[in-house]
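Across the two complexes that follow, chain A remains constant while its partner is chain B and subsequently chain C.
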Partner chain A sequence: MKNINNDSRKPNVFKTYQDLFFKSLFFVSALISSLMIIIIIFIAQKGISPFLSSYEYGQQNIISFLTGMVWRQDQAIYGVAFIIINTLISGFASLLIAFPISVLTALFVVKIAPKPIGYFIESAIEILASIPSVVYGVFAVGFIVPLIQTLANIFKVQTAGGSSLLAVILLLSIMILPTITSISITAIKAVDIDLEKASYALGASKTQTNFKIVLNSAKSGIFAGAILGLGRAFGEATAVSMVAGNKMFGPTFNLFDITRTMTSTMLAGLKETTGLDYDIRFSVGLVLMGVILISNLLINFVKNNIGKNHA
Partner chain B sequence: MKFFRLMVVGLILSLGLVGCATTETPVEETKSVTGTINVYTRDASSGTRGAFEEFIELKDKLTVTAIEVTGNGDMAVKVGEDLNGIGYVSLTTDFAANGITPLSYKGVEATEENVINKSYELARPFEFVTRASGDFASEDQELVTLAFADFLMNSVEGREVVFAAGGIVDVDAGTAWETLKANHPVLSKDLSAVVLKTGGSTSVEKTLKAALEAFQALTGVQFEMNHTGSSDGFKRTLGSEKDSANAVDIGFASRYFKAEETVNLGAATGVYCMDAIVVVVNDENTLLTDSDKELVFNIFSGAVSTWEEVAK
Partner chain C sequence: MRKFNIKDLILDGITYLFSSVSLILLVIIFIFIFQKGFSSLNLELFTSPYWSENYYASIPASNNTYLLKSTLDSNEYYSEKFGIALKDDFNARNEAIVVISYVHPDSPFNELTNSTSGANEGQIITAQEGMIVNKISYINSNGVTRSAGLVIKQMAEDTINTIEKSDQLDSVFLQTQGGGILGSLIATIMLILISLLISLPIGIMTAIYLNEYAKYNRFTPWIRSSIELLTGVPSIVFGLMGVLVLFPITSVFGASGTSILLGGLTLSIILLPVIIRTTEESLKVVPDSFREASHSLGANHSQTIFKIIIPAALPGILTATILSIGRIIGESAALIYTMGTYISDKPELLKGATSLAVQIWSIMNGDQPNFGLASAISIIILVMVLVMNIGVKVLTRSKVKKW
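What follows is the complex of A and B.
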């Protein structure tokens, strides 16, 4: 330790190189991540191509594509408007179901449950979050769909054997629940304990503290969970197409009627198709990306305006 | 704690309600089929749908209310769950296990014999095509591919396993492999390093795998199956993807090759077995047992939309 000033030149050179090395390593990593923009460029180029006059299978009308209420590959009618509405309905309805349950579960796990129970629930939720979507799809076909058929019989409405908008919503709620919950748990755990202590010191009850202090402080993280959950709901293809029924026109507002989402549209028969029917799926993908972007902005807007009176 | 007690009480109460719901309003067991017909179809790029729509001249005329399913098994499950459903599956489907009843067509029952003797009309071919002569990875690869094509098409042994796997073919009309083998001297070599690559229709997979395994047992040739859909059968042997990483030695289609798919360029091509499409309804639907082109067309085009109209 004494010689550190005398011998400092050599290690310094080494350190300079070390810094330089890591600096370039970070730069290369950042470059690779930002190169992912190529994916967007590729999808955009492929998705826009059917609407250009130079398109090899005949130019498509972008207005009728965006406002169309019928999607029939066999007649080459591609209208995406009702699919957008269907996707929004199923996505937000499942968020509406899953979000409150998730947040309250997270609050319970972190703040209320005894340690072993909380730990057990948290592990269970983490396992649920990592189950592949096709497994959820099989579950939906085997359990949710017959359940809805029974329900429909009780209410005396006719369904397509249980495949319905309701089945999609229930399935998506179950699928996004663990995602939102596990992120909410992390967010609630990160809340500064001093804030809670201050709240108790001011005479607030445990429930008051949990709702007004803890949830409000964890707001950012919880809404990040909601965005990820909604992203999963919008992006889920495999499981949804197993229970949606893929209606050719719409939009669908009846819970017991079949529906069609953007992802199930992109997936159905993708591997067997060519030409326009193949390329137009990229256009649907582009629209889906737009829908997700707008939805995320909307959630951010809600986040920034919620609980303002407490902050 | 009060809150929790309340919640527990609420839970018990709601459970009680659920109990009431199931005991007081039992699900009615209706045997007669009434109400709208739920038409099930495959997605527009499915080979089965293509064949079905060709058979009954339904192209572009399918009712807009049809429900799209994701595959043959999915179709069987969905119609089996829906009393009001009607759909179409391949003959190799297990009807009883899925709770569906096959309809006869023009009074002819959908059986293997009737498909081979061509009296059952809703049938389609399983076709194959190889790469062009001289366009294989090696000369041995080409000779082995042609030997397999011969085995698949003409040998009794090949036809037997294809038949056992659900393909419809006249086994007795084949030639013994011992005789055919003489035409393929390449088979006397050590072929354990040769890998036969197949692709195309997914419908052929079951029958093809059986044939490939039988061929492997006889010759020691390895195989690799990568099936994605009928249109890739031509594409990956002679078409746009013939030199890509997806390229295969033999491509398959579960339909007749189209005119623009120039399969005569391939070293060998042909139909190795037939597959039949069967219109199916739910097990409990006793209204319909026979069908014909007009009835099937009317139902699938939406001209007839309720079971009452069918009953008339």
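What follows is the complex of A and C.
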């Protein structure tokens, strides 16, 4: 007995300090991780700097930046309004294409398909999700762009070799498809089975149950997927910049005309790492963050309203 | 009794149709990339640098004939006077080139003297198989120096025939093929090491703090949501952040601009949410009975964590690592800002370079887009991604069956 007591008393002091040490270490790590988001504030500061009077390369007018319809690096004219509109158009158009496909695919995988087929499609979605954007870019340049060139020839419209708004939209729909699908799958899997049983008990068919009960119950998760997908569409940079074409004025409504998104602007003609032309990219990045934030709020608003209609 | 319902049928039909879209897309993407890139894919791609090197070299005199011991293919042309065989080929940009296909062991081409002015002038160069021969200068019967080869649009056969008529060769303009990915491959590995070295410890420790120490803490939701916010930030914004906030850190180590270190630091921030979330998921499934058993045996909290919980959560941590590597390999936008787009053949920690993904971007945005090479690198990336996908699947399964 005595022996055991001695053994356990001595390390107790050590053990307490050991615990304290590791607890602080883990806490510091958690603090570092959570503080990373604060770094974003630095971007805000840098993005705003060109519009302050103290700016070293000549103060820019924030109004003409936010409402300008021309972006010419060579003449130092920077107007971001049409770029915002272009980004919104390509983002929401691709969401419009990808959203129904994703939701129905998720429904099929979880509720309709036999298990092996569902598993197979789910794996395909996972692989699609893990393909890097630059590979999608190569695919878009080699496959989508020539396809649009052919389409344009058929419809007798002009394109700049196929680089166009349509190419951006198609590319983005492919890229956000797996994002929305995988989150929808999780949401649909979480639907309470009792709800479905109640629906069957009331005489609804399987399809009716799937569309009216399952999808409606999984709505919240599905819209979370849409938000993430839209965020990806707005923030996607390398692949988009490979097919966008970077028009200098706008906005672009013609599907076969070249366009310019915020991300393609940030990547275009990146040469020097000082000066107005470089700093203004931070302003664009700041606007991009704002657009993503506002569109997230918008989708949340839409989601809540749909809930009211069905309640 | 089931009622036949036309509306149901239509909805079902649409569902079947739409769910096949992703499968079809995947097949099209893979077939397309493989078809475009497969011809450019070979072992030399991995071992050769991207930029080709030029050599102007003078050829020593020779009076021998070099008889061929082995047979050559029908598309190779051999000069017995000088002991060299040439053949026609195409480079990565699909331009016709003439390459050396065989050098006789005693051939004068084994002892060329570099005549390019610079540090390497006078060095002995050995002509190697695969080098591009752009020009061979020879001295004709009147003692005048003339040129043969690609510069006057002679292909392998004509070049060999021309130099065979001469008795003395003067000089040769050789070029290494280039177009390889060696530099980017090394840079990618460096990137993986740097970013994992930083983000894995921080990420895992954060996950342990959130799950083992502060599960119901008042600050935990705050920490968690700020980490979640990181997930929604586009990678290009991380690129901006890297140049802005992390560059001062790398400049302490002596970096003067974009560098691999800066790219690695930026990536480690991008990876944090993935590592934290995946590790936390695996910590959550470790049963509480494990912790209780450990405590009841007299172990303290940190002993329990290091000896019981981390080993039990190891598959999850491994999954996080694999997912992170996948992310590093695929990342491009953030790296364009932090590492630059200049393809470096000898990547250094404190200098700019490109990862495989950025090399693709760089090639596609250059003056002469090289689609074949871009597709070949894409195949390499796709294969890596696929392997990692399977790895994660296997790991997840082994994790589930344990308890």
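Basically, the second predicted complex is superposed on the first by the 274 of 311 C-alpha atoms of A that agree within 3 Å, B and C clash if a C-alpha of one lies under 4 Å from a C-alpha of the other, contacts with A are read in each partner's own complex, and residues count from 1 in each chain.
Methods note: contacts are C-beta pairs under 8 Å (C-beta built on N, C-alpha and C of every residue); 3 or more make two chains touch, one makes a residue touch a chain.
Since we're looking at a predicted model, the values are computed, not measured.
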For this session: In the superposition on chain A, see if there is space for chain B and chain C together, and answer fit or clash.
Result: clash
For this session: Answer with first, second, both or neither: which of chain B and chain C does A:E126 touch in the superposed model?
Result: second
For this session: Please work out whether A:M242 is in contact with chain B alone, chain C alone, both, or neither, and reply first, second, both or neither.
Result: both
For this session: Please work out whether A:A187 is in contact with chain B alone, chain C alone, both, or neither, and reply first, second, both or neither.
Result: neither
For this session: Go through the superposed model and pick first if A:Q158 touches only chain B, second if only chain C, both, or neither.
Result: first
For this session: Would you check which partner chain A:T207 touches, where first means chain B only, second means chain C only, and both and neither mean what they say?
Result: both
Problem set entry | Larger contact residue set on chain A - chain B or chain C | C
Exercise. A:T274 contacts which: chain B (first), chain C (second), both, neither?
Worked result: first
For this session: Please indicate which partner A:F139 is in contact with in the superposed arrangement: first for chain B, second for chain C, both, or neither.
Result: second
Exercise. Does the superposition put A:R72 against chain B (first), chain C (second), both, or neither?
Worked result: first
For this session: Between 114-122, 132-140, 186-194 or 276-284, work out which stretch of chain C sticks into chain B after superposition.
Result: 114-122
Seminar exercise, completed: Overlap of chain B and chain C contacts on chain A, residues 141, 207, 242, 270, 273
Seminar exercise, completed: Counting only contacts in the complex, chain B reaches chain A at residues 3, 21, 25, 27-28, 35-36, 38, 40, 42-47, 53, 59-60, 62, 64-70, 74, 77-79, 81-82, 84-85, 228-232
Problem set entry | Of chain A, residues touching chain B in the complex | 70, 72-75, 141, 145-146, 149-150, 153-154, 158-163, 207, 241-242, 245-249, 258, 260, 268-274, 277
Exercise. Which residues of chain C touch chain A in the complex?
Worked result: 2-3, 5, 7-8, 11-12, 14-16, 18-19, 21-23, 25-26, 28-29, 32-33, 36, 201-203, 205-206, 208-210, 212-214, 222-223, 226-227, 229-230, 232-237, 240-241, 243-245, 257-258, 269, 272, 276, 298, 300-303, 305, 326, 329-333, 336-337, 341, 357-358, 360-361, 364-365, 369, 371, 374-375, 378, 381-382, 385-386, 388-389, 393
For this session: Write out the stretch or stretches of chain A touching chain C in their complex.
Result: 8, 15-16, 18-19, 21-23, 25-27, 29-37, 39-40, 42-43, 46, 100-101, 104-105, 107-109, 112-113, 120-121, 123-128, 130-139, 141-143, 174, 177-178, 181, 205-208, 211, 228, 231-232, 234-238, 242, 263, 266-267, 270, 273, 281-282, 285, 288-289, 292, 296
